[in-house]
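Okay, so chain A shows up in both of these, paired with chain B first and chain C after.
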Partner chain A sequence: MTSGYAIVAVLVVALGTILVGTYGLRVSRTTSDFYVASRTVSPWWNASAIGGEYLSAASFVGIAGLIFAYGPDMLWFPVGYTAGYLVLLTMVAAPLRRSGAYTLPDFAEARFRSRVVRAVASILALAIGWLYLLPQLEGAGLTLNTVTGAPDWVGALIVTLVVTVNVMSGGMRSITFVQAFQYWLKLTAITVPIVFLIVVWQVHGAESMTKPEFPTFRQDTKVAFSHQTTIHAEQSIFIKGSGEIDGLRIEDAGLVLTNGYHRIGQGSEFTFPQGGAVPHVSTMDHNTNATWALPESSGQKFPLYGVYSLIIATFLGTMGLPHVIVRFYTNPNGTAARRTTLIVLGLLSVFYLMPPLYGALGRLYTPELLMTGQTDAVVLVLPTRMIDGIGGQLLGALVAGGAFAAFLSTSSGLVVSLAGVLSQDVLRLGGVRGFRISTVLAGVVPLAMTFVSTGMPVADMVGLAFAVAASSLCPLLMLGIWSTRITTVGAIAGMLAGGVPALTAGLVTMFSDADDSWYEVLLSRPAAWTVPLGFAVMYVVSLLTPRHVPPGVQRAMVKLHAPENLGLDGSGPSSADERS
Partner chain B sequence: MTVPPPQDGPAPKPTQRVVVTSPRTRAPRARRPYSGTREINEQSELGAVYMRTLIRAQRRLGLSVCLVVCGSLSVLPLLFSIEPDLGRARVLGLGLPWFLLCVATFPMLLLAGWFYVRQAERSEREFAELVERP
Partner chain C sequence: MQDFLTAAAILIVGGAAVLVLWRGTRNKQSLSTEAQRVTYETLHTAWSAAPPLRAGLVPDAAKKSARHLRTLLDTPALALTDETEVVAWEGVSEHHAAEAMTQAEDVFLTGRTQAFDIGCTEPNCPINCAVVAPLTVEGRVVGTLAAYSREASAGLVRATNQVARWAAGQLELAELDRSRTRLVEAEVRALRAQISPHFIYNSLSAIASYVRTNPERARTLLLDFADFTRYSFRRHGDFTTLAEELRSIDQYLALERARFGERLKVTLQVAPEVLPVTVPFLCLQPLVENAVRHGMEGKVEPGHIQIYANDGGAEAQITIEDDGIGMDPDKLRRTLAGQVDESAGIGLGNIDERLRRVYGDEYGLVVETACGLGTKITVRVPKYHAGINGM
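Now for the complex of A and B:
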């Protein structure tokens, strides 16, 4: 569905982002401006910015795609992404802000007074950030591929360039404006089209989405296969077109696709008949719309384990994401940090009402995506498919622009926080120049990774980043904030015990072809075993090494928990005298 | 104050009892100006108790809000798995899982967040009153 309007929308979003960023350049002057906008951002601005940054490719296109393909089990993604903020609010928001550090490694050092704890936290923050950037870039590639037919790497390259240039020139102050603007843009871009789509669905007779039938083509549908695809047909079906099927070259002719598996060559284009049952990509189970709408219909092994692992990863992983954490330092104090988080909860709740609607409508209107496997494209394809003419094209352009905004904003946030970590902990280059060099590095690494990864759904990839965060940085934050017994040795052991297995599992699933072995789900959804492992190791090792409790832990606790306006710092009488 | 020299004249009056009052600035109330703030800053035992009370109250509040909300959400997959008929039940024209996860969850999360913020700010206010009392 190549559409001129969509290309224009993507360009406008990219240029607009750069413009707003340049405007920020004039405002941001000092190093502190660069890192955290000098901490002068109001809760509404900040909450919009957090929302803008958090609603990533996974939220904008990925969730709808997964729901479309696998049914209500995937609803735990939006629920978990939101509930993660409740956990963040209740357990870490205010203390994190009161710790007064710029990045997560700063927090680790402030709390544990240990360079080693800091170093481990830095490496994990980098790994999580890059793991999270990768799906953003892949999503951008997919979007550009869907709307213009450009190769996948073009979108990834554009996002990397825009983000790197933007972050280098403006730093975080401009990013705060950009992000806040992006939230509202994304909300508009996903809400306006779905309103029209639902009206159209009503006009078409409000066809039930849960009929006991396999998804069928609503009209004769021409499908282009951009990759070699193995599909499985449940019923034999007569198709026309050109391309390669099971090694047989066909030029503009008809063919009966018997039921069973078929390999369709790259670049094939076939027209599937109206009313025919849609073949599925071989890795996906056939479901009637009725069974699709039931829980545990995803056809994955051990669905209950998968769901619980997802719940654990998303509920606890949010607090460990580097770009989320860095936002909290831009609140003026702990109380404001709490209020900001509450507003974020509201903003996310509104947004997440939309993606499931796209997923469900997709079953009726764009079932061929189940065959090409590009389920993530459902949000992008639906408007032009359901509404003919210029209206559909404009709505499609709006969605494409919103999706691009999603990639840009999340990537910006990640690059800012990763650049902060890189310049302070890895390259040890201070000042604005160090930040700029780090920014380039932060953007280039995931761009390189996109060339080697196998295409898995973006929301699943994001889920892996959440799992690593939940198993390593979440125990550090939770136990570090609420327990005085955690020792430096315990903190390091716990982060490694949870983070390393989760990271390994994630990389294995991401860079090797998924197979059907029984332990596959343990690797693709590792949180259910790595998170308890991280927590348990951190706590038990701490109890075993009581002599390594960091010095000044009481003072650190006062700083984390006492309201700022009381002038408490637990710093002892001498410094209180100096101050007066 | 010097005693005036004795003068001749009328005989001195008989001894008189006078009530002498004094602001008891030094004696037992000496520790009074040590507010809770100072106790905490000097890391005294009492200060540690103040802080422990605050941290415990906040931790209890945070954990209970979390456990109630996340706990009740986490039961759902198990329920749907044990009792597949629940998955087929319909509410307002939607399947029960869809209704619960798409519609009902979000207001509940917001409500829980609002409750938490209110309670956390209240316990901080109480803590402030406690430690700032002169």
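Now for the complex of A and C:
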């Protein structure tokens, strides 16, 4: 699906990001009214910025891909990503803003008055950030591969370069406005095409997604295999073309793929006939359309456990993501932090209406992705597939541009946060130079990781980052804010007891090939056991070490929970001043 | 298992042996004569009593030091009093504590060490008399030290007298500490809120010139003036937010523009992300005042002031730049080192010192300047600092 327009769109987004970053949305005023008078960013701006930074590769391409492949179980991803903000809103947002902490390590130090707790939180934040950056880069590679045919690493490299250079040159200065703009760009890029696609689907007769037994090719479809792929055919199908099948070389000839497994060599190109049932890539269970449309029947083991684990990870993981917390600092006070979160909920909900539609339409129009395994590409391929001519090309370009915006904005936010953690807590290099070195490091490490990971679905990888955050930093925040009994020893033990197993499970699933063992789901969806473990260890160890309760815990609680305008907070700035 | 136990036993025995040998040789080598040993023990006890005394005559600390002081005097009981009550009683027979103040009264009157005979009716009480010595700080008796014993020997009186003098010395140091802290606070308070008299005069004249021609503007300016002075004169809190500080700067610039008119050009560019950052109170406004003064001094053509507040990851960067006459770098260096008076820059040295004291030496002012080439001052403030934002 090489498309000139799409390449232009990706380039425009990349260059635009650099230009906006360098020249900034420099709202300078010779007479100084605007910023000082309004004093802070309004919740709407801030909420858009949070949305812009939060809607990552997983949201833009990943969710649609998973729903396309596995069906309604995967709807828990968008639900969870959004509901995570609800938990953040009710339990954490306002106290966190009142604490004056700028990052999670700051909060750890402020609440527990311990450098060690801070160090552990820093390392975990770093691990979560990198785990989250990895799928962004993979998504970028996939997008560029889909629209230009370039190798996977090119997209990852471009995103890393753009983001690193931009952040290093101090380009993310007006980051709030850039990110706010990105949200609306992404919303447009995903909404406009789907409106057209639904109209086209209606025109085609609003075909049911579950009517044929298996997804079928709508027309003769030519499929290129860029990797060696093992596929599974449920019904025998006649194919034509050149390439290698099961070690047999054929040149421009026809062949019947019988029911069963077949290995297709790299570089093969075959045409599949109209009406034929689509074979599946062997790592994906071969479902009928009927089982696809039902929950808990996508063929994964222990589907109920998987769903609950996903719910726990996403509901509780949002608050532990390093780039989410930073945005709350821009709120002037706890009330504004709450209002911002409320608006974010609305903005995210609107956005998440769209990806499932792409996934569902993909069953009808781009079923061959089930065979190549590139399910994440469904959002990118659909517009050009469903609408012929320049219209489809333009819509496809819009989607590709939006996807790239998603990779760039989320990665920028993450790299800025990670560079902050690195320069402050790991390298201990202050100033501009330290920040620049840290930025390079923050970008290069995940880039290196993309070369060894096994290409699991983007949203699944993000799910793992959420699981680690939910098992380690979430207990720290929740218990740190809501319990006076947590001790420094307990905090450290809890973070490690939850975070280390989750991280290990995540790395194992990411860097080793998926296998069929019964415990596979425990590793790929670890949250259901690691989160309770983290909470339990933190609380129990705290009860066992009552002498290590940090000093001044009652004062800390007052600062976290008392509304600012009571003036109870003696040390911090008083915004009420003496005007009363 | 057997092997493991044997190994553990050998390790423990060996460790104990090494420890005993080490302690033994150390004592023998370092304290060879009796006089040295006595000196060591006396000074060590005195040294242990010193830190609590430095906190003054308050019950908790006095109790700790009284324990060591009693060891020094080797008496059954010892008491410390301040001017009104017994703050610490160390040792046996605490029932005598009630009458300690009556003896202390006498010592407060005379200011000299006295011995009292206090007969005790209880059979096992080892206390028969008290030696009470005054604790004299800067010529004033602030408390007493009372040593209780079976009999008041001349030796006990002399020893008590010496110990009391030594303790009074420590209390004097405590007083010194406190006044030094007070001095620093007073200095900060005095320097942080200095509005130049010229500024008040100039502002009021500028406002006066508008009263007839443009009453509305005059009113706005007066309100700015009121807000600005209220902010600058405020007494509470050493910290404020960047937003508050910038608002004060805004008011200040409005007043200066009223005076200079079109000649004063100001560019203000603020990243909204840094507005909630906590900064030391009045750490920027004097810099802006300095920039206005240097930027407009001895010039007919317009002066340009640029103020930027940028988001720099974990810190906020504020730059204040003017295109005026600049400063002599050597003179500036001396000002920042605190040598010359404030002629080279209004409060530059003070702001520099306050920033360093709060955030550490790497967060001092950075000034780029040369004669005739303008001045650029950069302030960096960490967004989060344990000492300020911490709970």
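The criterion applied here is as follows: the second predicted complex is superposed on the first by the 549 of 580 C-alpha atoms of A that agree within 3 Å, B and C clash if a C-alpha of one lies under 4 Å from a C-alpha of the other, contacts with A are read in each partner's own complex, and residues count from 1 in each chain.
Note that a contact is a pair of C-beta atoms (placed from the backbone, for glycine too) under 8 Å apart; a residue touches a chain by one contact, two chains touch by 3 or more.
Everything numeric here is computed off the predicted structure, so don't read it as measured data.
After overlaying the two complexes on the shared chain, residue contacts for A:339 are found with chain B alone; chain C is out of touch. In the superposed model, A:75 lies in contact with chain B only, and not with chain C.
Of the two partner chains, chain B is the only one that A:353 touches; chain C does not reach it. Using the contact criterion defined above for the overlaid structures, shared-chain residue A:555 touches chain B and also reaches chain C.
In the superposed model, A:83 makes contact with chain B only, not with chain C. Shared-chain residue A:103: touches chain C; no touch with chain B. Once the two complexes are overlaid on the shared chain, A:247 sits clear of chain B and of chain C alike. Overlaid on A, the two complexes show chain B and chain C touching the same residues of chain A, namely 555, 571-573.
Across the complex, chain B is touched by residues 72, 75-76, 78-79, 82-83, 85-87, 89-91, 94, 210, 293-296, 303-304, 307-308, 311, 315, 335, 338-339, 341-342, 345-346, 349, 352-353, 356, 482, 554-555, 557-558, 561-563, 565-573, 576 of chain A.
Of all residues in chain C, only 230-231, 234, 236-237, 239-241, 243-244, 246-247, 249-250, 253, 265-273, 275-276, 278, 307, 310-314, 362, 380, 383-384, 386, 388-391 touch chain A in the complex they form. Against chain C, in their complex, chain A makes its touches with residues 26-32, 35-37, 39-41, 99-103, 106, 109-111, 113, 170, 172-176, 329-332, 416, 419-420, 423-424, 430-432, 435, 552, 555-556, 559-560, 571-575, 577-578. Taken in their complex, chain B has these residues touching chain A: 37-38, 40-43, 47-48, 51, 54-55, 58-59, 61-63, 65-66, 69-70, 73-74, 77-78, 80-81, 84, 87-88, 95, 97-98, 101-103, 105-107, 109-110, 112-114, 116-117, 120-121, 124, 127-128, 131-132.
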